[in-house]
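Next up: the structures, one after another.
Two complexes are shown next, each including subunit A; its partner changes from subunit B in the first to subunit C in the second.
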Partner chain A sequence: MRSHKTIAAGVLAAALASTLAACGSSSSSSSSGTTASASSNGASSVVPAGYQSTVNESLAGKRGGTLQVLQESDFEHLDPGISYFALDYTVVFATQRPLYSNEPNSTAPTPDIASGSPEVSANNETVTVHLKEGIHFSPPVNREVTSADVAYAIERGANPNVANPYLTTYFDSIEGVPQAKGGPIKGIETPNKHEIVFHLTEPKGFFVAEALVLPLTAPVPKEYAEKFDNNKPSNYADYEVATGPYMLENNAQGKVLGIGYVPGKSATLVRNPNWSDKTDFRPAYLNEIDIKIGGSQPVIDRQVLEGTNVVQNEPVAQPAVQLAAEHYKSQMVLSPGGGNRYVSLDNKVGPFSNIDLRKAVWAELDRAALDRARGGDLVATVASHFIYPTIPGFEQAGSLTGPKGLDYNEHPEGDMTIAEKYMKLAGYSSGKYTGSSTIQVVGASSPPEKEDAEIVNQALKSLGFNTKLTLVELATMYAKYCDVPKEEIDVCPTVGWIADFADPQTVLNPTFNGKSIVATGNVNYGQVNVPTLNAAMAAAEVVKGREARAKAWGKIDDEIVEDAAAIPYDWETSPRLEGSDVHGVGMLWNEGCWDYSFTSLK
Partner chain B sequence: MIRYIIRRLLWGVLLLIVVAALMFVLFRILPTGNPALLRAGRDPQPKLVKEIEVVLGLNKSLPTQFWDYLKEVFLHFKFGYSYYNQEEVRSLIAERLPATLSLTIGAALLWIVGGLGVGVISALRRHSLLDRFAMGTALVLISAPEFWLGLVFLYLFASDIGIVKILPGAGSYAGLTSDPWKWFTSLIMPWIVLASGSAAVFARLMRSSLGEAMKEDYIRTARAKGLPERHVARQGVRAAINPIVTLFGLEVGALLGGAILVEYVFNIPGIGELNYKAIQSSDFPVTQGTVLLASMFIILANIVVDVAYAYLDPRVRYS
Partner chain C sequence: MTAGAAEILPSGGGALGFLDAGGDIAARSPLQLFWRRLRQDRIALISFAFIVLLIVVAVAAPLVVSVFGLPGPNVQNLTLTNSFGSPLGPTLAHPFGVDPLGEDVASRVIYGTRVSLEVGVIGTVISTVIGVLVGTLAGFYRGWVDTLLSRFMDVVLSIPILLLGLGLGAACSVRGCVKGLIQPGLSTIIFIISLATWPYVGRIIRGLVLSMSEREFVEASRALGASDARIMFREILPNLTAPIIVYASLLIPTNILFEAGLSFLGVGIRPPTASWGQMIAAATPIFNTAWWYMVFPGAALLLTVLAFNLLGDGLQDALNPRTAR
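On to the complex of A and B.
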């Protein structure tokens, strides 16, 4: 619905079976000083040489100490049943353990409270997961986690008082989920205390299994949480218990609000006394994490670069990136996989329903200039297709250069000769647009979106289009214009997307499937509705196996590029800053946000 | 006088209802308006949006929603729940009010003492070197945006990122009861920055107002009677103070609603910062709550100013 800058949820995973095996077996050996290998998917290729990256960080660390965290924004939802944003995930994944998780510099799911890989039935309609024994909730609950706690965690997601934002998107094929209101779900069975089985109505077992890395699957004790979930809205987060190595500081009654979390002010993570490293791959070096919320980004960036025991945990302001690159290089970590960004063109109505006009704009657009406006190659790589580095399917979709043989995609700086060729193919013999339409371009008024919108507008003008450029606040750009099909905006120059977890379907299906188009909150911005493409996606949804899915969705990405349905221009890299004595470990799968369970003090 | 105050308070309540109504309507016609849509995630499913609307009470008619809201505000002093993190708005405001009060009261003391002192000296020594220097400085301070001035102070004097590391920097605020010394030292820079602009305005206003008063006939008479200049000046100040009191009341009232920029730069968890973040995230209940609070402070400040007139100026009487 919105820019991935603002929503930024993301659990990215891997494609290569070999990497999966390596990460899956690494267990709690991270303290031994090894460097975990990351799956490729182009992750390394977009980080400039000489910079630290989340792809190859060492996971070794020293035990003890308190880390200070400075972040301008507050958390949105720390309840694992609601949490959906990158910043929230930094706390949620240090305090909660879903069925599967990701090691910080790997994009492959690792069993977390699950004891092994999910078992997907041959017909792809049943998923069985076995749970580890000996995992306990933090005080005041204290008891052992069972499969019923996982079942309740998912069931409460359907409770309108909780209203999990992705339950129906990813788990709709579980029998009973579409009708669920918070009570037991027919398709979730718990045969014993350490086994949970998901029965599906469609053959989407593999995809559902991949989605089990989402925090909705972190166990919640029903007997404790139910009274909070009955409130409108649920206030379980004010009293939530943990299963991870850390917990939000609480009192004897379990109250977190005002103690371990003071909205807009602070959050304090302390060790969970009931956590055991024997059941977890996380080393949990730090004794405590003190998070200070608020302040201005430029001041925070300076405080971190010149400070000790401190990190910042949000996108870094551009001047600070430059400052760090010049003077504090060892204190900046770059994380590829920050999502894609593209120019959406209205495929349904108006001039850009003509494929050749779309190709002409693509050919003329200076995509390299768009990326420079965003900060250059430290934070952006010129995109040639939509599945971005770290996501399976990136290599299959053409890696850095994209599908072969498409001349309009071969010149990142733009090429007017090729653009004019497509203008002529569209019926404009002069090579310039001579129609009567005025192109509505709606962008955001803040940098760098403003600069990007102006560059796109200039490219349109150079092809002869009359344009009307409207610059509004970013949220308004989406809510009033780009998210609303009936507004029929011809060009939204700065939209983007980031995957919810490491499956290419989560990149392409919401944004280019005709079935995804809705009246409001629409994220298929260009109203792309190509029957063959929709059919290919329907077929790819039920494909089993990471490599097979990467291939199927990589091919779909090719088709979207061949259709010039939108113009990709940026694969984002996220920089993070750390104090001089901090060994920060960023989450490759979560925009490079620091992983508190692996970060340590030097 | 009591009857006058009661009447003003009742008008104040009516004004608050009007403000609440305006805010309510405004937020529902804004383009980013449907909070259920914002809460429903990136790919909002229509069914989920409807369910959230029911939980938030957004499925009711607008007049019903407004009536429910007014009842909660005026009968229970409740402002609803944050759309952003589902916390109770009343607690969020209560949590932050002490910081805003600390900031505003300290800065107000600073600017009233500094501003009036400089203004009186400038008025009594017009066109002197001291007057020119003071008024020149005042002009600079009036022109300097608080945000910029705050950053300059931090980069100069903050103990973490400053050149001369003498004062606690951004994010160092501690509550008065938890650590009084830290509270005091962490607010020195914010007080100076917040007070500087207002002190400059007050100095210029006092200079001009007192300058006029000192030309009045009764001042000439007082001098002719042989009263010491100190006593003469006191009479002049008393006559010149009324516009200052009006401005002071309004400024303090507005700042109690949140000194947004100073709170933001120095990371002081006050009402202004809360409001700023709420606006950024379209968190209407929080914005409504903070705006209503600010309106209430301004209304109260106006009443206090009007009452103060009666004591400061014997010619003013309310019936």
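On to the complex of A and C.
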């Protein structure tokens, strides 16, 4: 998934062949009751003390009250079958309950409407999930949730009117999914009301089980939703019902549009009368969440810092980070795991198909300066590889310093001597580029991407490259240039990636596997296509067990760094602001966005 | 007024000067008269001096920057930002502070003068030349020529020029348009600005030529068998010098503002080239922590536009005393 505030990546390459062997044990997908130790994945090393999100305190949070949310951007999709965007997830995960969910400070799945861990068969080709009893849809549906509702939720994802963006990426091994067009899927069986079985055509059960945290698995009542799903596009979101502690306010007919959600204006979450805390791990302290859409980020940030009962949920403008750190320290929470940022270089066409030129740029680039321009130490940590803190494999890939013995990766401030060494290795005896190519650099025009693009541009110039820097809107940068291989953009200085769930494969496979390259919406920005790397990924996809997978993918990360396929410079830490009387709890797995089901008023 | 109709003024300066011994009465050339009147307009003179200073600064930008011991406009130095990445404010070494990249704001303001003046002056010259030419032809020939040219000016005037600028900026940003012929940057901006403003000049000149060509001296020339070209460019146009100068001087600040606007919207001058509009745009989100980043380029823009406007007013008064206070 793209980072916050960018258009969601859209349909990823179906080439995301993710084979994961099952270990079939309870250690795999769920760890009920316990939260994953984030520090083991480097989370604590990037967030200074005093800014960490604390969930334990809030377990005794105050009940009741209305929380105001000020939000600059509108939602993209609130339909659980379509949404694929951090901001949408804040509402989707307060109103919808997938089979598994992440607790706020965790990146490991917890059973949500499932009653326990998924059971993966010995041959890794069947996944069975049992559902809790006593979970009901919100009005006007009111009836109990059954396994058929989960089956329908996934089926409708294949309906072109719904067009879930990641169904084929993660679930194409379920029998019938590749051919599905919205009808029943052969490989999804519901033996009884509280059991659902996924039959796979390939031994990818473990990976499918991991992906059940995605909101696509949140139940949808067929008899109610079908008439909306027959519309093109589906307008189920305008009438959607909830299973979570909250629901979008609706009328007796279930209509949400214009009542609980006014596009471009507001959204209102009220309590779901049919929700019971006996079936859920969410405390749901608040009575109501009023979301106001619009305004400008710097103003919103100030309003939140000076206000009460109010939070914001988007990347904080840089001046507000400083203001908060200096005057409102207790009102800012920093969440690690905001994804990685890197300079992508065209590995296929142009000067940067030469590995030594890539290494030279890496060595010369002042990555500390890039992070400084992004807001400094609080929100940015110099990256030395691609798997970022909170994702398994971070430690294995070399933790904070990255793989050893690579001189070009050892100087975050940049080192011209090392850069010149690689320029000479590339055949430029003066240490400066003397070729005739003009380097196309396309960055984004808004801060901090603008500053980063200019720093990268300057570094290229100091190596003798003749550059042409163009700054466009962030969405345009991706959609028209960096995502489109035939544009042959030599350098995209400010691309980034954030995992869909905590598995290192979801960080590296879409972005560096040669098989992931597609004509549009391509997120292997640099067209990295190294046969040995592709083979290593194919092998790592079937590795069993979390530890082993972390090791295997950590090693692949090191190999990407050794190939200098792209230049990582930032592991993002996402700040979020809260009013003085709000005890916000951030979603570690969702860029630190506030979790409305755990946040309370003081 | 018609240029060349010299007033007779006392030479001595005093009200009774013409009674001085010798009764030395001089006929002054239009230029002398103009200068005489302009000299009394302090505000116009100060504006003029400021503009001269701007031109000197623009032409000698590298020298000015090095005289003040400032770094170049594109020298990045992130050590000049605090631990939050906020730029540091004015100091002796950086009198206008630095921007988020640690680039010296004073240096960038000085280099920004170049862009503003280039766009202002070149854009104005181009649009004035085209406008005068088209306006003269339309006003002189009348009939279908006038209809054709005037309607064409109407068409050009109805082009939403800001949208055109935004569109060109968006569509041609990376690879350029028309096989790379149109690239965002200085020349495109000048082109857009000239395109936008020449019909205004054209319309005014057309009206003036229309009335001028009824005058006796034109008829006399015609009777003497002068060619059309001679009548237009040797008889009529010199009489329009004053309004052309006045109008051009007022067009310059408009064009400077237009460039700043386009750069503010991100379709003008490409970074890292310094432009005031672009600096103001970049300063907007961080105004709370770095006021200097907006204030200094903003002040430079304000003063420059003000100076050109005041000088334009002064020129108008001096060239056409009947409009004076």
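In this text, the second predicted complex is superposed on the first by the 553 of 602 C-alpha atoms of A that agree within 3 Å, B and C clash if a C-alpha of one lies under 4 Å from a C-alpha of the other, contacts with A are read in each partner's own complex, and residues count from 1 in each chain.
The working rule: a contact is a pair of C-beta atoms (placed from the backbone, for glycine too) under 8 Å apart; a residue touches a chain by one contact, two chains touch by 3 or more.
Please read these numbers as outputs of a predicted model, since none were measured by experiment.
Visitor: Is A:235 touching the first partner subunit B, the second partner subunit C, both, or neither of them?
Guide: first
Visitor: Looking at A:265 after the superposition, I want to know if it touches subunit B, subunit C, both of them or none. Which is it: first, second, both, neither?
Guide: Touch status of A:265: first partner only.
Visitor: Taking the superposition on A as described, I'd like to know which of subunit B and subunit C A:331 touches: first, second, both or neither.
Guide: neither
Visitor: Which partner does A:107 reach: the first (subunit B), the second (subunit C), both, or neither?
Guide: A:107: touches no partner chain.
Visitor: With the two structures laid over each other on chain A, which partner does A:146 touch: subunit B (first), subunit C (second), both, or neither?
Guide: neither
Visitor: A:476 in the overlay: touching subunit B, subunit C, both, or neither? Say first, second, both or neither.
Guide: both
Visitor: Which holds for A:257: it touches subunit B only (first), subunit C only (second), both, or neither?
Guide: A:257 sits against subunit B, while subunit C stays out of touch.
Visitor: Under the stated touch criterion, which partner chain does A:298 make contact with: subunit B (first), subunit C (second), both, or neither?
Guide: Both: A:298 reaches subunit B and subunit C.
Visitor: Between subunit B and subunit C, pick out the one touching the greater number of residues of subunit A.
Guide: B
Visitor: So which bits of subunit A does subunit B touch that subunit C touches too?
Guide: Of subunit A, residues 298, 476 contact subunit B in one complex and subunit C in the other.
Visitor: Under the definition above, what is the set of subunit B residues touching subunit A in their complex?
Guide: Touch residues, subunit B against subunit A: 31-34, 37, 39-49, 51-52, 54-56, 81-82, 84-87, 92, 95-96, 151, 154-155, 160-161, 169-171, 264-267, 269, 273-274, 277, 282.
Visitor: Name, in rising order, each residue of subunit A that touches subunit C in their complex.
Guide: Per the touch definition, subunit A meets subunit C at residues 297-298, 317-319, 321-323, 325, 366, 368-369, 372-378, 440, 442, 445, 447-448, 450-451, 454-455, 457-458, 468-472, 476, 481, 487, 489.
Visitor: Provide the residue numbers of subunit A that touch subunit B in the complex, in ascending order.
Guide: Touch list, subunit A to subunit B: 1-2, 7, 9, 70, 73-77, 84, 160-161, 163, 165-166, 168-169, 232-235, 237-238, 257-258, 262-265, 292-296, 298-300, 302-303, 306-307, 475-476, 479-480, 500, 510, 516, 518, 520-521, 523.
Visitor: Which part of subunit C faces subunit A closely enough to touch in the complex?
Guide: Listed in rising order, the residues of subunit C that touch subunit A are 74, 76, 78, 81-86, 100-101, 170, 173-174, 184, 266, 270-272, 282, 285-286, 288-290.
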